[in-house]
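Once you scroll down, you'll see the structures, which are given as structure tokens.
Shared between the two complexes below is chain A, which pairs with chain B and chain C, respectively.
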Partner chain A sequence: MAEPAIKRSDESNKIVDEGIDKGIARLTPKKIEQVINKVLAAETGARLKTYVGTCVHCGLCSEACHYYLSHDNDPKFSPAGKVKQTIWEILKKKGKVDQKFIRDASRIAYTECNLCRRCAMYCPFGIDIAYLISIVRRLCHMLGVTPLYQQDTAHSHSATLNQMWVKEDEWTDSLFWQEEEAQDEIPDLRIPVEKEGAEIFYSVIAPEPKFRAQLIYQAAVIMNVAGVDFTMPATPGWDNSDLCMFTGDYEVMGRLKKAHFETAMRLKVKRIVMGECGHAFRSVYDVGNRWLAWKMPPIPVTHAVEFYYELLKEGRIKIAEKYDKPVTFQDPCNIVRGRGLHDKARYVVDALCEEFIEMHPNREHNYCCCAGGGVINAGPPYKMKRIEGNKIKAEQLFAAKTRGAKVVIAPCHNCHGGLEDIIHHFGLDMELHFLGDIIYKIMEKPV
Partner chain B sequence: MHNIGTWDWETGKRLIADTGKWKDMFDWVEEPYVSPDGERIVAVVKTGEMEYSVCENDTPWESTFDKVWYLRFGPDNRLTALVSSTGAWTVAVDGAAWENTFDFVWNTKFGADGKNITVAAQKDMEYFAVTNDIPWETRFSALSNLTISHDGKRVAGVAPTVKIKQGDIFIFQEGCYSAVVDGKPWDVNFVNVWDLAFSHDGEHVAAEVRTSLYDYTIAVDGVLWDKIYTSVWMPQFSPSNGSVTAPVRIAGKWTLAQDGKLFWDRSFAQLWHHMYSPDGKKIAAVVAPKYGRWTIAVNGIPWSLTFGDLVTDAVFSPDGNRVACIGKEGGKWTIAVDGKAWGEKYDMVWQPVFSPDSKKVAAKAEKNGRYTIVIDGKPIKESYEALWNPVFSPDSEKILIKGIEGNPDGGKYFRQVLPLTDVTG
Partner chain C sequence: MHDIYNFVSGPLVWVSFIIFFGGSLYRLISMAVLAKKKDVIVYEYMSLKYGLRSILHWITPFGTVKWRKNPILTIVTFTFHICLIFIPIFLSAHIILWKESWDISWWYISDTTADVLAVVVIASCVFFLIRRIVLPEVKYLTSVSDYIILAIVAAPFITGFWTYHQWPGFKIMGIIHILSGEIMLAAIPCTRLIHMVFFPFTRGYMGSEFGAVRHAKDW
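Here is the complex of A and B:
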């Protein structure tokens, strides 16, 4: 087998994004300075000061970043380099930066950093560089300079409380549709809608009803076979995703999380189990809840990986025959670095699959998929830039493939989207699945 | 609940239905619902191949449908269901379907006396509300935040009023949404409109709005407060003077504003779900006096009791002098009344209920998979496999308990009226 082909697009630096360009056109240096200083004064404090004051510019974070590694160690793509080009300069100049600077800062913050937090582990002081880049995103949001596709997603969140403009009837109708489809396979299968007092509220992200309805079908089969007492709401609040967290629109982020948790409270469930999504977990478990003053999620949240672990460990689902293709596993940043689910994920993979081949590095040291942090939501203009910004992931997958892996398991929607593009672009010829795909395929089901 | 004085308040226990037998009668039985007066227990059941109906007190409706969901009793004890026949959706009230059919219906709402029933509807990809089988004449490309007036005669929602394509972010930011009242949009558009509230006479509507990506305020009948905030939550009308109050966020903290002016003199890490006492003299709200601690503030003064996980479902006593709520700490749920928590902790509790004389508080609670009623912190002796919220008699001397008992009476649904002296000593 040959090395993965390196295809580099020269177009990546000539991207036209109307969201950014029109936003920039509305700015003046005076407005930029005013907005920056207002936000920094009102929303930052000791944390920012400590991080900025502690960094010794050692550059040890560089090797942690997939963009840096994928761009031949170009220091512009190192985490410290991205901070230097954005928030350091903003602080040094006390907000006196021009439109071109903000255009570059927006590009860097929204499309050259996935907020994956791998670099924080390599910083000798543990500086959370993603936090620094998030401040840049917040500033760009407040200045109205966000990539168009991301901003449209944020608008959808604000208008519908879901990320894909799914209307209230379309959501519930999708559940009925998937229930009916699944009844062809299991006649007494039910997706209980609005069942107050159920043990679990099963929550998903909007791409599931919109594009990947089979995931709702599969989840329903798993829930029914395992005898799980679950429900799904018929009201806004069903979507756990949150691109506003990534555009920097924290006010709408809070609105989304309020709706989500209050839906759980209204349904009187004991906990929320969420599908295979990483960024949504970050929003409900860490960022969105805390913006609202909930220190922890007011209703406990269990990610699908942990839920599958429970179901397998307790014997509530049984495997008819193990999955026979050799698999490797993509550790999603937000549930591994953000929650430590790597060992439970491996328990699940081992329980499901005949042969598991680790990719290296792995667990909390795994490379980001380069789709998360809202980067894939920046849309088609940035697709090639995103793919080329993760050549290192292609090499990592290729290495796993050379050791026999034929299938990549990615229990995260963003990872899925990102890896799909990488596998295709670099000609890796590997299959890509969610854990739910495999569980559904090999589990014992009623005859 | 409506006309509770006309309900049967005779002390005693009556078997209403044996739901345990329903599983023998039907292939498919969903979770049961009980009428406010406790006289009826119903569930969606399957009566044939792709044929569903509602079983009520051991007898299925004569009418059958392709699909039935969202069983909801109105305050007058009438039962509504959202039903579909050959793909056409409508509302069935006590088994009788409305004449109009739609491509989908959802979100059933009732006026205070139950006479007015409203749903959201979609037909030919156009959206509107339907009240008592009469659809709005005006249609919209979407409809959300369906809200009804106290008597249910007036209906409002949020709809796009400017045609907008996905990805048209600059048109969106000019304002494409408005509140729609009885099918008529306000003559002003906003970037977003969220929760709506009717005044108590049903004449006015207030809404939380965003006028740019950054500016939030309250609009009353389409007219904006003259102050903007970094965020707002749902407004409420005062029942006594018609003023409008809303939680507003200023410099990262939340406080209560009235008609665009600061109303409470202190701020909180969070403040939401404010509500008026029935006489309008007091306002209570769920607040976080500091990050990660939750309680109730009455007229701006927080209880000293706080909970770490959450506070929710607050309710005023009928006389307006007391407040009860649900609190959760360390994963365990309880009820708090006037700043004091009940001693016992539960796996789940439901919204507390005051007696009409405001002296007693009862709540449904769950522990180890069984349900009971707790009155002033003391659980009654019996536990149930299913239970509905208790109701106090108009004279506050009795309590109506609606529950399905466990073995040896598994599945038997009883309606029981108990003198409070029997259960509380």
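Here is the complex of A and C:
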């Protein structure tokens, strides 16, 4: 069983990625050593040292990782296995590693780990392996060796403060366009732009105006029907996403989160409510705020799942008729392991759907979608590797399907992207929806 | 022989205890100082409540999903770690030494019990060794140091068992037993055996992050 797995990983080594290859061509061993030691000295300390010194090489983290499980238990894909191939070696050699090593380290850190943090729940010592892999990413970023497509999103963030090169007028146009569209359905519907003092700043990720504009439409309908006092800004800072957090470009990550928080402050809102995105939540709630020295976000941040929970619990939206297809639910890592929203999500699903079928494992123990952590953003060169690297997810979905599930609900853009490919590639023939899709479809709307 | 015995059971005991306590304290303090300087985040997010919550789950046999999924490993690792600490402290032969040197003593286990528990520890070490050789995911991570550490841990129990049963050469084996115990104590702060000291902090920190910030379980 092990042989095909090794063959697959060998094939993935041959992937041509100009971002990585051209970055490597600019490096020399001396430069590598200098950068590594500078970054390690300036940015790492007790955590790195303690984690590396405490790991007893027991391998218990292995079964936590969907890459390991999906590659027929190939140890090179185990969490500690990936640490061994990267940061252990870097520390052992005191940064004296060559270009080929950095090429492999970059491939492993950016495209063979989603930073989903499941392994922290399987390591008896609670070693934060995602943190160790993040250090490798930071080193690769500082060396200029990042996957091309991922780096493109980082460039977009840097230039436009959003992920998808959306220009300022395109953004507001998208809002007005969706408002107009939705007014065909609800004539007095508004998407209030730049409304100072609104209760809620509704923030989304750039793919929504770029190619999933219907999500803005649906959110507007939900907000209007529920009578929510919300606004969306006309200025940069509207996008809550953050691929720089994943490339290791923490300086730009800081700029992004600062712009986001400052936009909320400028609009004098009481809180930020975010669309159904996991990584953006991680950035705003857990990572970006820390870079800006905010222990917790300076303004309350509510993820869509929690927001829908509030709306349903308070009866602000009513369900006309429950969704009749049997559904299963994908627990996204960044809002479940990252925010414990699994029970609220189940409340929402139960309120919306007639039949809910759990996938196993679930809640904090759910398998990652294999798209998050910037992996899907590494783009087409890695698409098949990403899909085949999550065979276990296909098996998990298939098991839910055999118990009757016809629809997968994934309240996260990355999960959505990842599962869409998996469902298609493995021929699972299941529908895939956001919670918002279902709420919009079945809620009571003014006639 | 008497000189060697006196040396290993006298000055070397002091040396090993000083290295063990002093070294462990040094490792702890230097970790705390470095964290204060470079990882203030750890102090900010460390939570007694959630840290302990996580630690308690992980030190309870079958208290976590991981332990439940690997029942044999769980039984072996818990038995091993408990015996490892329990036997040397409550062994009557050791307590006699304490009594002779310091005139202090406490409850002890019968020699037969100790004998059985020693076999359990040795068998556990064999289990860990086989695991390292046979399981690909463990073998991949294994370096020479892992075998050396395992040998350091197993040696006092093998030699102690040998000496107790007065097998051939037991007098020399007795000296090796004392020496190996000292090596093990001294090795704790100098090797990955430091996980004994660091466990509450690494687990506690992860428990704090999961509990206090992320409102999720980490077991």
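By definition in this document, the second predicted complex is superposed on the first by the 435 of 447 C-alpha atoms of A that agree within 3 Å, B and C clash if a C-alpha of one lies under 4 Å from a C-alpha of the other, contacts with A are read in each partner's own complex, and residues count from 1 in each chain.
As a working rule, a contact is a pair of C-beta atoms (placed from the backbone, for glycine too) under 8 Å apart; a residue touches a chain by one contact, two chains touch by 3 or more.
Quantities reported herein were computed from a predicted structural model and do not represent experimental measurements.
In the superposition on chain A, contact is made by A:364 with chain C only, not with chain B. Residue contacts after overlaying the shared chain place A:149 against chain B, while chain C stays out of touching range. Legend: residue contacts after superposition of the two complexes on their common chain; A:192 is shown touching chain B, with no touch to chain C. In the superposition on chain A, A:268 contacts chain B only, with no contact to chain C. After overlaying the two complexes on the shared chain, residue contacts for A:295 are found with chain B and with chain C alike. Residues 43, 295-296 of chain A touch chain B in one complex and chain C in the other. Residues of chain C that touch chain A in their complex: 31-32, 34-35, 37-39, 41-42, 44-45, 54, 58, 64-66, 69-70, 73, 135-143, 146, 149, 192, 194-195, 198-199, 201-207, 209-210, 213-219.
By the touch rule above, chain A contacts chain C in their complex via residues 2, 43-47, 49-51, 53-60, 62-63, 68, 73, 75-76, 78, 80-81, 84, 120-122, 124-128, 286, 290, 295-296, 336-340, 342, 361, 364-365. Put simply, chain A touches chain B in their complex at residues 19, 22, 42-43, 141-142, 144, 148-149, 151-152, 155-156, 158-160, 165, 167-169, 172-173, 176, 188, 190, 192-195, 197, 234-236, 249, 251, 254-255, 258, 261-262, 265, 268, 270, 292-296, 298-300.
Chain B meets chain A in the complex at residues 27-28, 30-31, 67, 69-70, 103-104, 106-107, 120, 122, 127, 142-144, 160, 166-170, 172-173, 177, 191-192, 194, 210, 213-214, 216, 230-231, 249, 251-252, 269-270, 272, 288, 291-292, 294, 308-310, 312-313, 328, 331, 347-348, 350, 366.
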